[in-house]
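In the two complexes that follow, subunit A is the common piece, with subunit B as its partner first and subunit C second.
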Partner chain A sequence: MKVGIIGIGIAGFRTTTPELSWKELTYEAAAKAYQDAGVDPRKDVKAFVTCAEDYWEGFGIFDEFTPDQIGGALRPVCTVCGDGIHGLATGFMQIQTGLVDVVAVEAHSKISDLLTYEGVVQHALDPIWNKPLRGHPFYVAGLEMNAFLRASGNTEKHCAAVVEKNRNNALRNGIAAYGANVDLNDILTSEKAFDPLKKLEISGLADGAVVLVLASDVAAKKLKRKPVWIKGVGWANDSPSLETREWERAKYAELAAQMAYRIAKVKNPAREIDFAEVDDRFSYKELQHLESLGLAKKGQAGKMTANGDTALDGKFPVNASGGSLGCGDVVEASGLHRVAEVALQLRGDAGKRQLDGVKVGIAQSWRGIPTTSGAVAIMGVNQ
Partner chain B sequence: MGQTPQKWPGIELSNDDLLNKKVTQTRYHPRAKFSWSAGEAMSRFLNELKEGRLIGRECKHCNKILFPPRMFCEQCFKPTSKWVYIKDTGTIQTYSISYLDKDAKRITNPIYVGVVSIDGASEKMGIMHYFGEVTKDTIHIGMKVKAKWKPPLERTGSILDIEYFRPLKEGEQ
Partner chain C sequence: MTFIEKTTDHRKLRRWEGNIEADYIYTSGLAGERFFTELRKNGRILATHCPRCDLTYLPPRMYCERCLAELRDWKEVPATGRVEAFTVARLDEEGHEAPEPQVWAFIKFPGIHGGFVHIVAAPEEKVKRGLEVRPRLKPQPLRTGEITDIEAFEPAEH
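On to the complex of A and B.
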């Protein structure tokens, strides 16, 4: 059975949203998605998936709070404690079973409600091995960047080029919270944070919500919608421990992509896929992910970026949306936002950042430090 | 049926053993502080509490007064339409008498707690709160109650601006 995206709703993104509760923010995205899909959530949507993590929300057992704001009161609802693409995969599978034909997937960030972001990330470290060392948890990104650059041959300048590209792309994206006309020099001279990682190479946090409506091919036809097809999904984790994981490459992204490529029957990703939205919470992550997904040859992602190949008008545009660096890190909504961007591009609805003639796109997510949790979705205009 | 052993094998640990670090341990206090935006609906609700009033939102599509107020109706998924003041009286829907405090310590003066459906709001719309001026013999499901407000200067915009709900007296509104 084919599954496609028939509705897209995005609310935000902004550095803070003091006037709205997380419920009201999510409602805004949901109402937009249902309008876009032309569905009544109370009748047409058969199941609902929320992606959320208790510690981001500040509620225990957050699952309890998910139905109302997405139209899921007294309906089949479940929560995935993971990134939005994990939720997309869940919705995809629910439809594949034949039990339901229309599913809404939601992920949001009200991260401005959390006053101690670093504290929560630090709390994710192993209690016996790592927590006694205290320290800011982002040193994990410094460790990884150092190992990755050394092994791959990509440079700090290449990483800075990622930031320059993404934050400038974001200027063309109405929802982006961190669009800016920064240049290489601004980034390379920004203060050192977790050497070799510099301050401007770290995505800022943002509030926002994303809701997507998925439908089976039959349901989409009945609703008279032209879907963006989900061709394949995949997800994987590397080791949870800092001491036994791959530092040089994103193994989780490699494995997640292998699964998605197998389902989508993609043999040569660099040739068959036209553009990508990949996780760029830290500058080097975009390069590492491109290589792990097989979209750049090992050690070449940096050069591709510096040459402009991944620019809006390049051979293989990456993060046309502006990515997390440009739009803001919306925690669990990050992956779903990228899926939404790929779908908008494939529909031709990406406005000032619309890419020409794109037919197949890939979205990839990473759950951030200290996880090695990744997910991938491949979408196309043709069934 | 298994019998509870009178004495467990091994060496029992006391709380003092832990506190005096006689046991190998690692301690960590997560830093997780939140400051939730109340949002449009709850902000108004909390501000009205300072005035000693309860407010709801009307959903004209469902012909309901939603309380606590929300900006959208979970039944029809449309935005709610207007603010409506409701009363501070209501009916006990359910209650429990707690003989344990929050630390699970036994208490002699029990805590009366329950859900009140508020007059003027739609059915099954209300607030969970304490009950006062009741005994285990007088409190009952269906009892009419009224909010006992704190003095205006002591109100902070919290549901604790209501101290408790007490029985509605005859002739009272």
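On to the complex of A and C.
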């Protein structure tokens, strides 16, 4: 059973969205996706997968509130406590079982409604072993950056180059909230936050919503849509424990990629994949994730960036969308946004950031501090 | 589908404030109970050992992460550890510039799988990977059997 993306809808991203409730923001993305797919969600969409996390939203068992704005009331709805790519994988699997043939996947962020963001992230630390020590939880990012740079040989300058690339790329992306004409020096001289991590190396938060419509090959044909094919998916967790996790490498990304490559039958990722959208919530994560996905050799991601290999016109463009640094951190919607960007590129719908002649793309997500979980999806134009 | 009309007067936009009130007890469990009791009473730090994987877990736990065996062997952790990774936190819990920067480190101990993520009480220039550190405990009468019984880690040469 082949599964493809036949509809893409994005609302936002903006730093605040005071005129819309989170339900309305999501409804906007859904309306766009269904129009793009040419479907009536109340007739053609057979199941709905939504991604949500209570504390981002401010109400308990929040996932119960997700069906109506995407057309899921009185329909099979499955909620995933995970990132958008976990949701995509769930929809992919539902269609592969043959139980349903068209599935909508949703993820959103109304993070501007959360007044105590740091507190929520702090609350995600182990309550017995870590949280009582207090402190801004991004010390975890500082520690990881320290360990990763030392072990890989990538430098602070390489990390700053990621910010420069992504925020400038974002200027070409209509949905981006943080497009900016920053240069390397702006980043390197910016305020230190969690050494060696600087303030400008941390993605700003943004509101937004993403809805994708997935279909089997048969359903896509009936709907007269040319899908972007999902060739493989993977997901994995490292130990959540700060003390026994791998600090130098993103093992969750390595394992998720291995699974996706196996399903997609990709043997040499750097050669068979044309471009990537990876998590870059913190500058160094883009480099770490590229190496974890086997898209850069160990210790080489920084050099690739400095050489311009990952630029829009480079050999292997990474985060042409602007990534989280350029578009904004939309919490659990980040991964689904990356998938949407890959799909738009493969369809030739990426406007001013369109890459030439791309056929296979990879999207990767990470759930943010202090998690060690992430997912990968590989998409292509050919079945 | 979607909105026919939208508002452009942001003075008309309303919002309400609220919060999630939630209180919990966090049960430390079998491993935590033994660890914190030993820390409070005798100032000793314990870990649990998996004989199959030859891994000694800190913080201790009752099951092995690798082979899922139940862990019943307890070992004492060496007094001195080393800084494996460190960072200087310059923002406070609200994301504003902190009055005093704070050094955090991941501290490993010889023969131990895991370690502590904790504060290092030393000037930032002094903290490097490999720095030998020791836990500074609260005086016994002030210890409550929580992770905060370890106030911070200090350079071992102290």
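Quick note on the criterion: the second predicted complex is superposed on the first by the 383 of 383 C-alpha atoms of A that agree within 3 Å, B and C clash if a C-alpha of one lies under 4 Å from a C-alpha of the other, contacts with A are read in each partner's own complex, and residues count from 1 in each chain.
Everything that follows uses one rule, which is that a contact is a pair of C-beta atoms (placed from the backbone, for glycine too) under 8 Å apart; a residue touches a chain by one contact, two chains touch by 3 or more.
Being a predicted model, the structure only gives us computed values, none of them experimental.
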| item | value |
| --- | --- |
| Touched partner set for A:M145, first subunit B, second subunit C, both or neither | second |
| Subunit B versus subunit C as contact partner of A:Q354, first or second or both or neither | neither |
| Which of subunit B and subunit C A:Q69 touches, first, second, both or neither | first |
| Partner chain(s) touched by A:T155 [first = subunit B, second = subunit C, both, neither] | neither |
| Which superposed partner A:G58 touches (first subunit B, second subunit C, both, neither) | both |
| Partner chain in contact with A:L197 - subunit B first, subunit C second, else both or neither | second |
| First (subunit B), second (subunit C), both or neither touched by A:I128 | both |
| Subunit B versus subunit C as contact partner of A:K23, first or second or both or neither | first |
| Subunit A: partner with more touched residues, subunit B or subunit C | C |
| Which superposed partner A:T371 touches (first subunit B, second subunit C, both, neither) | neither |
| Shared subunit A contacts, counted only where both subunit B and subunit C touch the same residue | 18-19, 24, 27, 30-31, 34, 55, 58, 115, 118-119, 122, 127-128, 132 |
| Of subunit B, residues touching subunit A in the complex | 26, 28, 30-42, 70-72, 74-77 |
| Footprint of subunit C on subunit A - complex, ascending | 18-19, 24, 27-28, 30-32, 34-35, 54-55, 58-60, 115, 117-119, 122, 127-130, 132-136, 138-140, 142-147, 150, 191-197, 239, 241-244, 247 |
| Complex contact set, residues of subunit A against subunit B | 17-24, 27, 30-31, 34, 40-42, 55, 58, 67-69, 71, 73, 110, 112-116, 118-120, 122-123, 127-128, 131-132 |
| Complex contacts: residues of subunit C adjacent to subunit A | 1-3, 6-7, 10, 13, 15, 17-20, 24, 26, 28, 32, 57-59, 65, 84-95, 97, 102, 104-106, 113-119, 124, 129, 146-148 |
